[in-house]
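The two complexes that follow have subunit A in common; it is paired with subunit B in the first and with subunit C in the second.
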Partner chain A sequence: MPLNRPKMFFLSMSFLLIIFSVPIIQSVMELARHERPQCIDILLQPPTAANLRRFENDLERLSWFSRELQPLMRYLQFIVLKDAGEKALLGKDGWFFYKSGVRYLTEPWPPRGHSSQKYEDPLPAILRFRDDLLERGIQLLVIPAPNKSSIYPEQLTSRAKTISAPVYTHTLQVIDLLRANNVDVLDLFDLYSSQKNDFLCYLPQDTHWSPEGMRFAGTTVAEMLVSRSWITKGDSQFERKIIRLHRYGDILRMLSNPMIERLYSPEELNCTQVVQSQNGRLFAPLPDAEILVMGDSFLRIYEQDEPKSAGFTAHLAYELQQPIAAIIIDGGASTLVRQQLSRKPDLLKNKKVVIWEFVERDIRFGLEGWKVVPLPHTPAI
Partner chain B sequence: MGSYEVTAKLSEIRGEFPDDPLYDYAYVMKYEVMQVHRGTIDSNVIYVGHYKPLKPRSAVADVRSGEIGGNLKTFRVGDTHRIALEAPIEDYFMGGIMNPYSEEYSGPVYWAVWTNLVIQ
Partner chain C sequence: MIFTSHIFIFYFLPFVLLVYYSLPVKRNFFLLVLSYIFYGWWDPRFVLLMFLATLVNYICGRIIAAAPVGSSKRYWAVFASVAISLSMLGFFKYFMFVQNNLNFLLQILGSKVFSIYQVTLPIGISFYIFQSLSYTVDVYRGTSPPVRTFWDFACFVALFPQLIAGPIVRYNTIADQLASRAHTLDKFTSGTALFILGFAKKLFLANMIGQAADAAFGAETLCASDAWFGVVAYAFQIYFDFSGYSDMAIGLGRMFGFEFPRNFDAPYLADSITDFWRRWHISLSRFLRDYLYIPLGGNRIGPRRTYVNLTIVMLLGGLWHGASWVFVIWGAYHGLLLAFERWRGKESLYNVLPKPFRIAITFVLVLFSWVLFRCPTLEGAVQFFKAMSGMATAEGGSVLLAGELYTQGNFLMMGLCAILAFQPVQAFDWVKNLTWARMCFLIVLFFFTLMTMSAQSFNPFLYYQF
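What follows is the complex of A and B.
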C-alpha cells in the first residue's frame, strides 16, 4: 500500500531526528558546560588523515551516549556473539588473546603496499645498536618475547591443531636474519613450544608470560650468559620467597567492563619475590651493575606491578647472584628504550652485557617503529 | 606544583596518538605561549610532553607518571591551556617519550604536571 504524504513526512522526520538527536544533545550538553561543541573541531583543523581520525576518536570517546550505553551493549555482544570488542579475542576455556598479537601473526609482513610505519625494518636498528655496544666492549643478547597466540594458537582456534608448522613465521624470519648477521638471539619460541605441556608458559587472561614461564626464561638467560663467559656468577646476595596472589589479567581488564569481569575468577599466580639475603629488602635495579636489561611490559609484570621484585630482572639477579640495571618502557622496546639509553648514557658505565627484550608483535607495531638511535660518541665508561 | 606555569595555545598535534591500552608513553605537542605565570620561559613556542594523551587528565595519573592531573578532557588544536610544567621531561618521567619534533628541535621539552582548559 503506497504511503500518503503526511506518513512519508512523519517517517522522514523520525529518521532525521534519530540521526541528529545524538550530536544535538551532545552539543547542548557541551555548551551547558561552557565548552566549545566538539563537532566544530572538524572546521578548525586541516582535514588530514591524522586530524580526521583524531576527530572521529574524540567523538566516540567523549560521547555521553557512548559512555552510558556501551557497557551494556558490549556485555550483550560478548554473551551473544562471543565478541570481546576492539582489542581482544575470546579463545577457548576462558583464554583471552590480544588482537594486535593475532594481527601480527595473520597479516603479511613486511606489510604489502602502503605502510603508516616509517621505520619498519628492525635489522638496521638492531645491528647499529649491537655495533655501538661492541665498540664499548659490551655484548648484546636479543630476546623476542613470543606473543601468547604464537605459543598457544590451539587455545584461540581448534584449526591450529591441524597446522604442523609454527605460526610465528614472521618472527622466525627476523631471528634467522639476526643470526645471519651474528647477533646473539635467545629463541624462546622453541623452548616454550617444547615445555608448554609441562607448565603454563602464559596466563590465560593476560598478554604476558606466567611466573613459571618468566622464571624459565630467566634461568635460560642466566645459563647462556655464564656458558658464553660473558658473566661469572657473583657472591650470594639474593634469595627467593613464595608469594601467591590473585588478579585479573590485563586483557580482561582492558575490556573495561565489570559485567564481563564478573563472569570470570581472578587468576592465581605463584610468584617468587627476590630479596636481599642480608637485610630482607626487596630486589631493586642498580644502575652501576654489569648487566643492563631493557624491554617492555614483559619485564614490568611482577617486577614493578604486584607483588614487585618478582619479575624477570629480579630472577636474573637471583640466578646470577649479582645486581642488574634496567630500563623498562611499556610498548617501547623497539625504539623508546634505546632513546632512553641514549639520553642517559651513564647507564652503560661498568656494563658487560645488555639484554634487550621486545615482544614479538612490536616487530611490526612498536611505538616509533625501529629508528636507528646512535649511542653518544663519548663512551661513558 | 611545577617550576613553571603558563597559559598557552595548543598550536599543533603532529601525527596520531597510539591507541593501545598496553602502551604507556608521553606525547610531545607544540604550544604558543600567551602568558608566563611562574618561572622564566624565553621562547614563544614550547614543546610539552603529556602522559597518555587519550585519557582525561583527571584520570591519567599512575605509578609511572607520579602526581599529574587537571580538568582537561581531550587535546584539541586551538584550545588554550593553563599548564604547570617541569623541565627537562627526562628528569621527571622515566617512561617512553614520543616526540614527533625530535628531528627538528633539540631544546628542552617540558613535562606537563597539571593541565586545565581555559574557557574563553
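What follows is the complex of A and C.
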C-alpha cells in the first residue's frame, strides 16, 4: 500500500531529526564551553587504526547523549530484565556476583587448544618466588582468596544446592599442585564452607569478604604461623575498637548507577579497627616488620578503605601482636606485587615470612598474568 | 565501522546523507569515497586490497566486453578474473588453514613442522570478492552490460550499506541503478523503517540473547538443558544479528535510492531443509546456485550427479563461511540433507506430519548445524552434542552456568525472539504497510534502541568475520 506524504514525512523527518540533533547539540555544548568540537579531532591526527579507534571511543564516551541516557537505560534493563550489566550478575535476595569470578569457574581452565586466550601457568612463578625467598631464609605462605561464588554458589543458582562437590575445581587443582611442590598454602575454601552457616563470610553486594570473614582469615593465618613456629607472638600493644559503618558494596558501585543503588540499602558492617594501645593511633604497616603481606583488594578493604586499619593486615598484626609490612595492589596480586617487591628489595630486610594473597580468579585474569619475577640478590639481607 | 555504533549513527550517516542529497552530480563517486572511509575505518591498509580486487575485475570486464564472443581472449580474461580474485580470497582466508593442516600432516609423518605465517583476515573479503567476480562472469555470459565507468564499478564493489555482510548484490541486479535511480520519499521512508527494525533486531534481540549463547558455548561442561538453551539462544542470535544487519543494509540502500534483494524470509518457519535454504541468506544461496551449482551441471546430468553437486556446493558454501573443518562439516551436513530431500522429490522424511511438527523438526535439524557453526573445534562440537543428548552433565564450576543462563531477562528475550522468529510477517514485509501507529512505534523503538546502544558493551557482528 503506498504511503501518504504526511506519514512518510513524519517518519523520515523524525529519524533525521534524531540522528542530526545529537552531533549538533554535542558541538554546540562544546563550543559553549569554549572547547574545540571533538568531531574535528579526526582531521588533526594521522588516520591510523589506533587513532581511529581512540577517536571513536572518545566520541562515544564523551557524548552527552550516552552520558544522559545510559544510566536510565541501564536502570530499565535492571528493573525489567534483572540484567546487572557487563560486570555483574544478580543472584538471590539482593546478592550480587562479579561476572569475571563466575566466568573463571564456569569456563575451562587451562583454556582449550583452540582458544585465543593466553595461558600462563602460575606454578613456575610461584615456585621461583618461593625458592628466591627460601634462599633468604624467608618462608612463603600462599593464600588463594575464594571468589564469593565459590563459597556461596547457592545464592547465584539453586542448582548449586543439588550438588555436594565444590565448584572451585580449577583452584583446587592449583592448590593440589602447589602442595605437591611443597608450597605452603592456606585453603580458605574448606574453612569458609564449614563456617558460612555461623557467620556471613562475604558481603552480599561486594566481591570481598565481610569483616567477620576477614577476621576469621586473619586469626587462621596467625594460628598457622605460630603453630609452624615461623613466628612467635610479639609484645606490641595493639587493641581493637568496634566501628559500625554503612556502605554500598563494590559490585553495586561498579554498576555506576545511582538509580539502581537507591533500590538497595547500604550494608551495615561491624568493623574492628586496630589501634596502638599506647597512643591510640591507628595501625599502620611498618616496612621493617618480620612479616610481609602482599596481595590485592582483599587486603585493601577495611584497611586502606573506610574505616581504615580494620583490614586483614591490621588484624594479623593484632593477632600476632607485632608490626606487619604490606604491598597492596588492586587486581595485581599475580605479578605486580612481586614486581614491586623486586624493585624495593629493602622490604625483605628482617623478614621471616611473606604471606601472598591473590583472589582465585587471578589464576586466569590476573593483571600481567603470572610472570616469573626473580628477586634481586641483595647481600644486605 | 559498524552500523550499530555511535559514530556511524550520529556522525557518518548524517554526514553522508547531507552531502549526498546536496550534490547534484557525482553521487556515486561520493558514495565510493565514503564507502572506502567506512571500510578503512577498521584498518585503512585493507582499502588498497579492495581497490586492487576492483581494478583487476574492472580491467578483465573491459577485456571481456571488448573481445568478440567465443574468442580465447574472453576466456582468458574471465579465467584471470576468477583466478586472481580467488587467489586473494584463498591467501587471506585460507592460507593459515592450509598451513595448519600441512603441519598436522607433517606431525603425523614425523617430520618437522614449520612456523605458521600469520595472515589477518580483512573483514567482508568474502562478500566483495564474490560481488566483483559476479560482474566479470555476468559480462562473460552476456547477462550484464559492461560498466560505464570505473568509478561506478568501484562504487558497486565498495557500497558501504552491503559491504561488510551482504546481502550479496550481483552486478546485474544493480547495474541499471548505478546508472540511474530514483530518490523518492516513499523509498527513503521504507528504508528508514527497515533500518530501524534491523537496528532494533540487532541491539535488542541478538546482542541480549547472544550473551546467553556465549556463556553456554564457553562453558567447560554442560547438562542437557544448558546445551539446548544455549543452542536455541545462538539460533536466535545469529538470525536476528544477520537478518538485522541485512535489514539495515537494505534500508540504507533505499535511503540512497538502491533496491537490494531480500536476504531472509522467516527461515525458522521452514518445513524442510530445502525450504530453509530458500529462506536463509537468500542472496548467498542464489549466488551459489548460479555461479557454482549450475556450472557444475546442476540437475541436468542425472540424479546422482545432482546429489553430488548439491553436496559440493554446500561443502564449498561451508568453507566460504570460514576456514575451519567445522564449517566444512556444517556444509556437508546441509549438503547431505538437501541431497536426501532431493532424492525424495524435494520432500523431507517427515513430510507426512502436520506443518507445526515439520517446522519443529526442521528447526531442530538446523539447531544441530548451528552447534557445528558455533563451536570452534570438532572436539568442542562433539562435547556439545553429548551434552544435548544427555550424555554429559555440568560439573564443577559449570554448575553456576545456570545462574547466568536462566535469568528473568534471558527468559523474556527467548520468548520475544521465539514470537518474532516463528511468525510469517518479517521486517521486510512489515514495512510495506506503514500506518500512523507503526510510524509512532518505529520512532519510539528507534529512540529506545539508541538508548540500548549507549548502554551496551557487548556488540559483536557474527557475520563480520566472513
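To be clear about the criterion, the second predicted complex is superposed on the first by the 309 of 381 C-alpha atoms of A that agree within 3 Å, B and C clash if a C-alpha of one lies under 4 Å from a C-alpha of the other, contacts with A are read in each partner's own complex, and residues count from 1 in each chain.
Throughout what follows, a contact is a pair of C-beta atoms (placed from the backbone, for glycine too) under 8 Å apart; a residue touches a chain by one contact, two chains touch by 3 or more.
Since the model is a prediction, treat every value here as computed from it, not as a measurement.
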item	value
Touching partner for A:P285 - first (subunit B), second (subunit C), both, neither	neither
First, second, both or neither for A:G249, with subunit B first and subunit C second	neither
First, second, both or neither for A:G295, with subunit B first and subunit C second	neither
Partner chain in contact with A:P211 - subunit B first, subunit C second, else both or neither	neither
First, second, both or neither for A:G311, with subunit B first and subunit C second	neither
Touching partner for A:A50 - first (subunit B), second (subunit C), both, neither	first
In the superposition, subunit B vs subunit C on subunit A residues touched	C
Touched partner set for A:P323, first subunit B, second subunit C, both or neither	neither
Subunit C-contacting residues of subunit A that also contact subunit B	none
Residues of subunit C defined as touching subunit A within the complex	5-7, 9-11, 13-14, 17-18, 40-44, 185-186, 188-190, 192-193, 196, 208, 215, 218-220, 376-377, 379-380, 394-404, 406-409, 412-413, 432-436, 439, 442-443, 446-448, 450-452, 454-455, 457-458
Residues of subunit B that touch subunit A when the two form their complex	13-25, 54, 63-64, 73-74, 76-79, 90, 94-98, 117, 119
Interfacial residue positions of subunit A with respect to subunit B in the complex	34-36, 38, 41, 44-45, 50-51, 53-54, 57-58, 61-62, 87, 98, 100, 207, 250, 254, 297, 304, 329-332, 336-337, 339-340, 343-344, 365, 367-368
Partner subunit C, residues of subunit A touching it in the complex	1-3, 5, 7-12, 14-16, 18-20, 22-23, 26, 39, 47-49, 52, 56, 59-60, 63, 65-66, 69-70, 72-74, 76-77, 80-83, 85-86, 89-91, 97, 102-109, 112-115, 149-150, 153, 156-157, 159-160, 163, 165-170
